[in-house]
């Protein structure tokens, strides 16, 4: 067929050439190895170096893992059992798992409550995170905060119920008034909710035993549960605040913009640990005399402030990514600012921002370990405090830190995989 | 064309405060400002009320008092008789030192890992993914603690003692101990300034040579070799001068003295632990940025450059990197910011940064919580703003020109 | 006032150490135990009648004072040294010494050091923000020798660093050293050097200004000390309190005579409850840090004045 | 040019009333110091259809965006349907609900279905009950010939369909005046016709329209007047026939030669 | 169809020599196990202008990218200007400096000015002195009619201008063969013409060209041969006149009916 050139231009293929398998040299294990591991000398050297690194790591970790002691009362016993051999003393995990997960003062008989709350978290988060989940489950998301509150803190079920009623009542009033204007709706809703909760407060005070779970104080929460708690609460709270800050920063009103900019830049400019110091040592001075509120609450306030500044920046990115035309189209249809934001701009901007928000959430969740520096007993604080200080387990570092790292890794890796999945999906189905 | 005037300027009615676009904004801003002022006034009045009730006051006098404590790592002279302010300065410099060192190594690590992660070598790219994911998804505090514990496993200085010591120095010059790393330090003899001048001149020479080579390339098209001549210019004069001047700089080797090594230069173990931890942790993030930056450069760019006949290394230097850097550098700088902020966890490994000195010991010894925390935040804020300013400058200077 | 707050709350918020065996540490079940902890329990028992009505707030050397100053805790019982500036400048009230201590050095035997003055050039682990940190600096400066501090935040960390050999010696209150050493695998391999370089009167403290509250805590401590002196123990306290005896001071203390309780705004059997919570001073000492515990501290200065010690409760009158 | 006759006929079918729909008097606008609109005077009668053309940057978009209060003008007076445009929010609201606008890039809301796009403003601004709003929406979607797309999302539609949805969305607010800013210039050639057809239909129903476009066929067929703008000024206006056949000003001639030439 | 005559004339003006520029013999390529090019045989003479067309995914891009060694082929032989393409780097360099290539998306270097885009390769690959390279660049920029844009950045140019810069950039390397991969398909309709004009001019100067395009007018006007590919194979080739008038294979007919129909 080599005559298909200029001299005999016309050519028509008579027979279809069937698909053929690629040449041997291009397939199979050997070809794969050649292509992926040994394609050049430099690569071969790299491969060997990598293999060596893997060997060193495995040689160090495997015996420690496989030889590990899972049953012992103290590190001394571990050492006896190991009798000089290398091996981990994982007994500390089996002995103290409850403290690592729940802190040392959460009542043992109530461990099922945080566990259940944790499991329910998935049910509540699913409809938010995955659009394919039936919308009706959003009800579960709405109910979750109240259910989780009841499970974690205990006390009468009336308290969260009143809270729920207040929110529902507020929402109904808001719906009635929203036709007048957004501001009316919001104000009316808040007033109604506050009124219901205030009235409900008497009922709760009157019936503290009604369907009551053993009450647990915030101080008694610790371990990994505290990290989860702080992470979930602060991220949820910081979302609305972050949105407001982002809108404020985009605002054309200079003073409002300026307030938001100063707040955001200030919070982003200082390390979280200094904000925690503020929560720990300074905040009380700024509150009216006599208010003493829980360290945990103060910490939640500061971390929420911290997170909302970062979330505001993410959402600002989302807002900026929207074409101007969307704002103009909304304007030209006669929607007012609140309507345009609520109905047109934010739904789109938030969707774009989700991966960024998830990243902030992961970072924040990791940063909850910093509370151990102000002597709260989260997972890290638990390890560094009571466990390593105890006579029994002083000196067991790797097992404990490894366990902590593993827990965080599982959660954070899971979330970041989700965010990557989301990013891929957003990239493909933005039509 | 008839002359028309503006719409009749109707008088001001209060309802215009809400309904008129010109006043509405002012109204909102006024309300916001009033609320803000009230909030601040409320907080401040609480503050003074509480302080008065507790019989405390706000005063920065303590900064002038003698600190009374010692600091193990100091870049400026300091002893326990120095003031708290000086202790804060020591801490400040230590923060900057560890942040600076960690920025450099994290960048190196991140760039290498990021590029290797894109490598076609399956094993290496997998290994780098594991590195990146492992470090990104575990809190930096845990890494600091783990690495802090890890460096503690280095041999004690004691282990170097005696006939059959269980540890030995590398090349008889470097000792790795759990108190620090000891390396030979320079001792400057007569004539070292001349040597310094020679060395500086050689550096200038290298720069000049590279300029010349580029100009020559532009003028004549001849590409001169760069690596070998640069090295020669850099080293030969200095080495010659070193011997001609009769070895004006000698090395002081660390030796075991008393409890610890003496002589040479000591890099304290807290510094090393923090430096290492911040580097590997942030390196993982930087690796992601680098990877994203390189991937962000369209594949078409490589192909276009290749089809023009450019070699892979030149494609990297002339086409890919200049573009990728625009994508990489802004997040890189915010990573530097993160390093600086994360270095505030120094106390977890006993490193005396500003949070540990001013925000820790000084706060605790003097009880001046509000004052020290404010100072501390101010300090970090200044660093952050300075770094952001640099970033903005960079961004505006490299922004691609668009229509 | 603090008393009303505590009563209303139903629990006493008591600041303790994050973990120092014998003085204050949660056991495997998460219950706080120790010498300082017992002080908290005694106050809770006196005020609320329930030694378990205590919310323990762990504090580090750094956070302890702000926790107290900001009202987060009602009292701090955390091997804290009574010093001039803490009492005056920081605006606290130390209510009386519950342990007379001094700063010492812990070194490995193998190091061959016999005196603190031999420590020239040593690396010293030291808890930041403590008096011992300042004493250390003074001591080395005075003796014109050098050292290198390794700052640690908590007892546990100090122990970790010391055992890993990151420092040659660990210094803190001698009692703390004993407690630390007791947890070692081979306590015998470590010695506490003979020099005591400072006075460390450890005392519970409260906020300055609320004198009523300070009185309650102060006299609870005195009650425990006096109880030992009078031979009142947790075993016999209910019996002795049941009826007035022939010792008028004991009668007053146990509420059978006079109305001391009322004077400080408590019920008259406040001291009975306080002593019943964990026993008298001596009992607490023996149970938590005494010679029969792993800590193994001798009474020494902390013996009753009648036994040649410094414990000397003012009279209950 | 066989189209001319048809066009003239078509245009003559359309009636123009005596009522004034829009009156712009001596309007000036600056962007910063840049004088983008200079002494604009324009009166549009109810039922009139006006085409604005002119080189890029001449201020065409700015002019019609001022009518809709999307941009604020600094001098002069704009009266829409008897309401003087001022910075009073009530006024702006009233004018915006009288005036519909279609953009070059459609600006549909991508997170809402076609139907939701069309009912959003009626429900929230006009407070129409949802059912009623949906009926109206379907009516106008049918009119622009895409009722079957009601439940799709904008991203699933072609450009031409999207622009027709945008028109329907504006119509759902029952505006008395429609503004179009280059409605076809972001479309592929095949799609231009379907959008123009929709607009012609609208014109035939007597809607008052101001349309920035360079589709000269369209101008010939439906416009009562063609306005040529340059450098922020109205340079020439005339009936389309005259305008194209016999441009007066040199700038108009140059411009026409360019756009008709290619 | 009045164009046909003109086109034929234009084409006939262009001379084809006997020298072989590119020879492809029995070339096969796989992506993984996907057989993307099958037994390709093609000889291109110096001065010949070949247009390749075919449905999407038929392997057109892959074919011309193989010629440039942007993709590696696994079987068969490609000879460019007498050099057999192998994995030898020297060889690849030689071939790439003989062959210029233009992409659908221009792929200009956005961080360099137009002039720098054009001088980059001459300076670093051909080792031309900078002044000289700039002169050449200005010469070719003038040829593609945008010398005045030399100091702008690609982002500041329109698509058509960018594609012309891309052509000039390739020309600066003084290639003997030019490859075009759908050079106009990412352009707005107004800009297509300016790029095609540039290409026609190039063709008239006798440049050997292989061009993947669906611009049939262009094919008629300048191509010596049109090649139709489907499923990785050359299905038909012929002179443009014949090819369009009288396609032989059914697949070609179907394809032509589709692209000419719309």
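Descriptive notes on the structure:
As written, the chains take the letters A, B, C, D and E, and residue 1 is the first residue of each chain.
The rule we apply is simple: contacts are C-beta pairs under 8 Å (C-beta built on N, C-alpha and C of every residue); 3 or more make two chains touch, one makes a residue touch a chain.
No experiment lies behind these values; they were computed from the predicted model shown.
Chain nearest the geometric middle of the protein is A, using mean C-alpha positions.
Compared with chain D, the chain whose C-alpha mean position is the greatest distance off is C.
Centres computed as Cα averages put chain B at a distance of 43 Å from chain C. We define each chain's centre as the mean of its Cα atoms; on that basis chain A and chain D are separated by 48 Å. Distance between chain A and chain C, defined via averaged C-alpha coordinates, is recorded as 41 Å.
The residues of chain C that reach two or more other chains are 66, 157, 160, listed in rising order. Across the assembly, chain D contributes residues 89 that each touch 2 or more other chains. Along chain B, residues 53, 149, 347-348, 363, 369 each make contact with two or more other chains. Every residue of chain E that touches chain B in the complex is listed here, in rising order: 65, 68, 70, 89, 93, 96-97, 99-101, 103, 105, 107-111, 120-121, 123-132, 152-153, 155-158, 166, 169-170, 173.
Chain contact summary for the complex, chain D toward chain B: residues 25-26, 39, 41, 72, 75-77, 84, 86-90, 92. Considering their complex, residues 16, 20, 25-26, 28, 30, 32-33, 35, 38-39, 41-45, 48, 74-75, 224-225, 231-239, 242, 248-249 of chain E touch chain A. On chain A, the positions that touch chain B within their shared complex are 35-37, 39, 43, 46-47, 50-51, 53-54, 252-256, 259, 265-266, 268-274, 277-278, 281-282, 284-289, 362, 366-367, 369-370, 372-373, 380, 384, 397-398, 401, 404-405, 408-409, 412-413, 416. Chain C makes touch with chain B in their complex at residues 61-62, 65-66, 69, 86, 89-91, 110-111, 119-123, 128-129, 133-134, 136-138, 140-141, 147-153, 157, 160-161, 164-168, 207-209.
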